[in-house]
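In what comes next, chain A is part of two complexes: it sits with chain B in the first one and with chain C in the second one.
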Partner chain A sequence: MDNLILIGQAYQIFLLVFMSIYMIQHFIFTYSRLYGEQRNYYHDILDTEMPTVSVVIPMHNEELVAENVLERLVLSDYPKEKMEIIPINDHSTDRTKDIIDTFARKHPGVKPFHRLKEDEKRGKAEGLNDVMKFTKGDIIVVFDADYQPAKEAIKSLVMGFKDPQVGAVMGRVLVQNSDSNLLTLLLDMERSAGYQISQQARYNMDLIPQYGGTVGAYRKSVVRQMGGFDPKVLAEDTDLTYKMYLNGWKIAYANKTECYEQMPETWAARARQVRRWSRGHNEVLFHHLPSIFTSKYFTLREKWDGLLLLFVYMMPILLMVGIADSIFLFFMDAISIVTSMSALLLIMAINAFGNFAPFFQITIANYLDGRTESLKLTPMFAFNFVLYIFYTSRGFIDALIDLATRRDVDWDKTKRHQRKNNAK
Partner chain B sequence: MPSNPTFLMAGVFGLFFLMLFLPAIPMIQAIRNRKDVEPLGMDMDFVFNPRFQAIHFENLLKNAARDFNVIPLEERLDTSMVPMLSRKPLLFRTKGDITVDGTIDSKAILDAGGAIKFHPNARIHALKSKEHISIGEESMVDLWIDSGAEVIVHKNARTNLITAKTVKLYKGSSFKRIFAGTIGFYPLNKEGENKIGEDIVHTKESLNVEAQALYLDKNETIKADSSIHSDVIGRGDLRIEKGCSIYGSLKANGNLEIENNVHIYGNIFCDHDITIKHHCFVFGNIFSHTYIRIGHNTQIGKYAAPKSIIGIKGIEIAGGTFVHNYILTYGEGRVV
Partner chain C sequence: MWVDLAIFVLVSVGSIYFYITLIHHNAMMMIHEVFTASGLHIEMIDLDIYTFSMSAFDISFHYNSQITLFYVLLLTVGLMLFLVYQTKIPLNLVFWIDFLLLLTAIFLVYFIFWPTYFPYNAKKYFELYLHAYVGFMLMSFIVFSFSLALTPEKLGKKLFILSGVIAYYFVYSFVRLAATLLLVSQVSVVFVPLMYFTIFYDFILIIYIYTFVLYKNTIKSQGLYHG
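Up next is the complex of A and B:
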């Protein structure tokens, strides 16, 4: 029993150190964004010689939003002769096929790609791999179907590839339906923290900005050389991020290249989304962890950030174990009353990185975005705790089972809502 | 102070929970008020291209009668013509040519149908003309110069944004952002010095190329007269010796130094300072997160193939250099 208590105590110390590292990282990120030197993206470059681009939009049952995204894309200021728009109809059973076919008849630059064969597996990675076989573009730009890109978004994303070291570019996502309910507003605030601070600070500090799978672009030749997207990985975006860095490429972050997306409007949908993200992210953790240590292309600071980024979805389960451990130590009388409050500290701390953005980071991000009144909602993030710790942990267990059984993964699409345009 | 430890502990916990729930009061108010809940606004039509900014300038003057105190002029604008009191910003208008002398109001705009000529040491907020604009020595235009023809910025004059067909800048003048078909930095080079690179390309054995680029892991120098047919990526400082030709883009994570007579048929990107010495030719964009220094008689881009020079913290360009189309810095641009 003594040994068990010793292990329990050691675990508490390990966990508090681990949490502190994350907390310090978020402090540094926030400081960098507030007072540090900001690294400019390549928006300002004017160049008439642009590469050929294929804009792909994976779609599965997207009848509510399909036309919106296509309408926005045909308004793009990218040279028409150098751009093709390819909506991927991935086994839709609703009116998606009719909508995109009708739209394509009116707009010659839109070339629908239907994935309807019964023996084909449905999924974003499969769709993107298939489309890469015939696209003409040197650069692939990806938007999800619920996104609304601005007129200059494609040009701005593609400009990043003028830098020969850039393998992928990521833009910023804004929440379109933040006024729907309290959940969407909170998610909007959380999103701000992720992009306005974490992503930009990572870009400022030469760390690892994440490719997010949408409002993003990548070099086709590079991704093909890497063997395309792995259909067995649910988070194809995180997987691509690490593959890029493992092969010596960098990811550029374009904070001003904004694009609207829809957030889940119910807690159940959000829970499913968090679980899916956690599962996919942890799959990438299992897959790439050893390579980060051995890669010659990762700088020391990139290794450090890469590891912290990889472990972020593993923290909730470690914390859950930590809470159980602290209760066990308390009843074994092996922990003083002050240290037993670490259970409470853990509850508070999960918000520090369970949602990847501590209170102060969320507050500063929204302040930078010009919000005032909704900053008062910051304490509400404490209620995310139960949801995140539970569903992120379930996602981790899913990923463990995936690893053990090599089972196939199924794409679980977030429910869409029909909305009016928020654009100015 | 209670001496009983149980009371003390209860007090500590009480205080803890009070502090925990204090933020709930404004939080509940915020939920009830439902202010500030709209999605963040995004301008779907926003464009960075300064050509559109010039259109914006034109649109600004369309409602001149409503937004400005419009003052018609003949051939001359000087300090004596500036009204003492004006609630609206001043807009001086003339259909013909005009000369400007002295310091005009700091918010004043001059809109001329003909050419504009600045006397030395004059100052105004913004200028617009379809004809030539000449900014005199030691003069200053705080915000904007927009011309349908040529803008000449004389010695030690200070400007901000210039949009024009052609811009000439003389030694000691400064700028922030220039958009023009051709931008020349004077004094001019002698005839024939400003060659375009094809006729002096050296072909030597190319260096070892890793995958899609020549990948240099630490501080490296590319030897004189090398010819490289790929992108070059340097993880540290990178130095390109004289006479090299690079048929691809260049990227350095450290500083980048390019010696005389180097020809680069691609873009140049650098995380730190870029120094390009004399008689070089770059057919691509030049982007530095810090400073760019360009020596004399260098040419950037070709006419009708617009490229950019962007030095976030500052740009220094010597005489005899030509740039086709766009220069930007958030620091100070200087002609040396």
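Up next is the complex of A and C:
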């Protein structure tokens, strides 16, 4: 029993140190965004020599939003002769096929790609791999079907590839349905913290801005050379991020290239989304962890940030174990002076991981975005904490089972809602 | 920003020192006088908190019968299940409340089956409680100091807000301690772990104050600043 108590106490100290590192990291990010030197994206480059581009939109049962995204894309200011738009109909069983075929008849630049064979596996990674075999574009730009890109978005994203080190580019995601209910408003604030601060600060500090799988672009040749997307990995975007850095490429972040997406409107849908993200992210952790240590391309600071980024979805399960451990120590009368502060871990947890960003980061991000009324809602994030750690932990367990069984992963798509078009 | 931060951290640490060495003892004396005037004769005990001497009361915990605890456990589990299956309360709140109920259920099970193994008396418990609470206050003030230092606002105003938060926490700490004394001595020993493990919830107040400050600031600067 004494050994068990000793392990329990050591675990509390380990967790305290680990959580503190994340807290300090987020403080540095927020500081960098407020007071540090800002690294500008390539918006100011004026160049008429643009590369050929294939804009792909993976779709599975997207009848509510398919036409909206295509309407926005045909309005793009990117040279028409250098751009093709490819909606991927991935085994849709609703009206998606009819909608995109009808749209394509009216717009010659739109070339639908139907994945309907019974022996084909449905999935975003599979669709993106298939489309790379015949697309003409040197650059692939990806939008999810519920996105509403502004007309300058494609040009802005593609401009990043003028830098020969850049293998992928990521734009900023805004929440389209933030006015639907309290949940979507909170998600809008959370997204703001992620993009306005974490992504931009990572870009400022030469760390690892994440490729997010949508409102993003990558060099086709590079991704093909790396073997394409792994269909066994649910988070093909995070996987690509690490593959890029492991192969010596960089990711650029375009904070002003904004695009709207729909967020879940119910807590149950949000919980499933968090679980899916956690599962995908942890799969990437299991895949790439050893390579980060040995890679010759990662700088020291990229290694550090890459590891922290990989472990972020593992923290909730460590926290759950930490809570159970502190109860055990309490009843064993073994909460010493250091570990008597173990309950305080939860303060940090509430601020650092329940919502994937500390409260001050969320608040400052929304301050930078000029939001006023919604700022007062920040304390509400504390009430999401338990739900998030529970579902993120379930995602971690899913990923462990994936690792053990090498089972196929299925894409659980977030439910769409038909809404008015409010993009810029 | 760094000067602001240094000042805030100094104020935070200084105030905690002031709390441990002076404020807490005086407040305990006042509570003791109130108890005595009410005919309750409770001895005061000295505690060793981070090498400083602090005081509390030598109370005995109220142990309920096992059957009573069992009924409360049934009620707690029933409430947890009801929350899971109802559809009116949002899922995030359901998880939050169920987490508290789960903690309660664990503590109830412990006191139903192993009450004789409970290792705490008043001295040991309040030593643990005050360690945690003083640590909680210090940590809260420091986290708040860092957040406040980041905020684009005048130093004087930020200092005023920090002082207000510290003053509030000091007063609230005695209200909470008095409530803990009453609950564990008059209602149930189950509140002993419960009051310890719920200390962190008080931090939500800090978040609210901080966001309110920024909210006011944003209103003032709206249209002038864009990141």
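To be clear about the criterion, the second predicted complex is superposed on the first by the 409 of 424 C-alpha atoms of A that agree within 3 Å, B and C clash if a C-alpha of one lies under 4 Å from a C-alpha of the other, contacts with A are read in each partner's own complex, and residues count from 1 in each chain.
The definition used in the following text is that a contact is a pair of C-beta atoms (placed from the backbone, for glycine too) under 8 Å apart; a residue touches a chain by one contact, two chains touch by 3 or more.
No experiment lies behind these values; they were computed from the predicted model shown.
Clashing of chain B with chain C is the outcome of superposition onto chain A.
In the superposition on chain A, contact of A:Lys121 is made with neither chain B nor chain C.
Applying the stated contact rule after C-alpha superposition, one finds that A:Val386 touches chain C and leaves chain B untouched.
In the superposed model, A:Ser221 lies in contact with chain B only, and not with chain C. In the superposition on chain A, contact of A:Ile327 is made with chain C only, not with chain B.
When the two complexes are overlaid on their common chain A, residue A:Asp188 makes contact with chain B while staying clear of chain C. Once the two complexes are laid over each other on the shared chain, residue contacts for A:Arg394 go to neither chain B nor chain C. Contacts of A:Arg95 after superposition on the shared chain: neither chain B nor chain C is touched.
Contacts of A:Ala268 after superposition: chain C is touched, whereas chain B is not reached. By the touch criterion stated above, A:Tyr260 is placed in contact with chain B alone, chain C being left untouched.
Clashing C-alpha atoms between chain C and chain B appear in just one of the listed stretches 153-161, 171-179 or 189-197, and that stretch is 171-179. Chain A residues in contact with chain B (one complex) as well as with chain C (other complex) are 182, 337, 369-373, 376-379.
Remark: chain C residues 1, 50, 90-93, 95-96, 98-99, 103, 106, 110, 117-120, 124, 128, 131-132, 135-136, 139-140, 143, 146-147, 150-152, 193, 196-197, 199-200, 203-204, 207-208, 210-212, 214-215, 217-219, 222-223, 225-227 touch chain A in the complex.
Those residues of chain A that touch chain B in the shared complex are 39-40, 42-49, 72, 75, 77, 148, 150-152, 156, 162-165, 174-179, 182, 185, 188, 192, 206, 221-222, 225, 247-248, 258-260, 296, 337, 369-374, 376-380, 422-424.
Remark: chain B residues 9, 23-24, 26-27, 29-31, 33, 35-50, 179, 211-213, 215, 217, 231-233, 248-251, 253, 266-267, 269, 271, 284-285, 287, 289, 305-308, 310, 312, 325-326, 328, 330 touch chain A in the complex.
By the touch criterion stated above, chain A contacts chain C in their complex at residues 23, 27, 30-31, 33-35, 182-183, 196, 266-268, 271, 326-327, 330-333, 335, 337, 340-341, 343-344, 346-347, 350-351, 359-360, 363-364, 367-373, 375-379, 381-387, 390.
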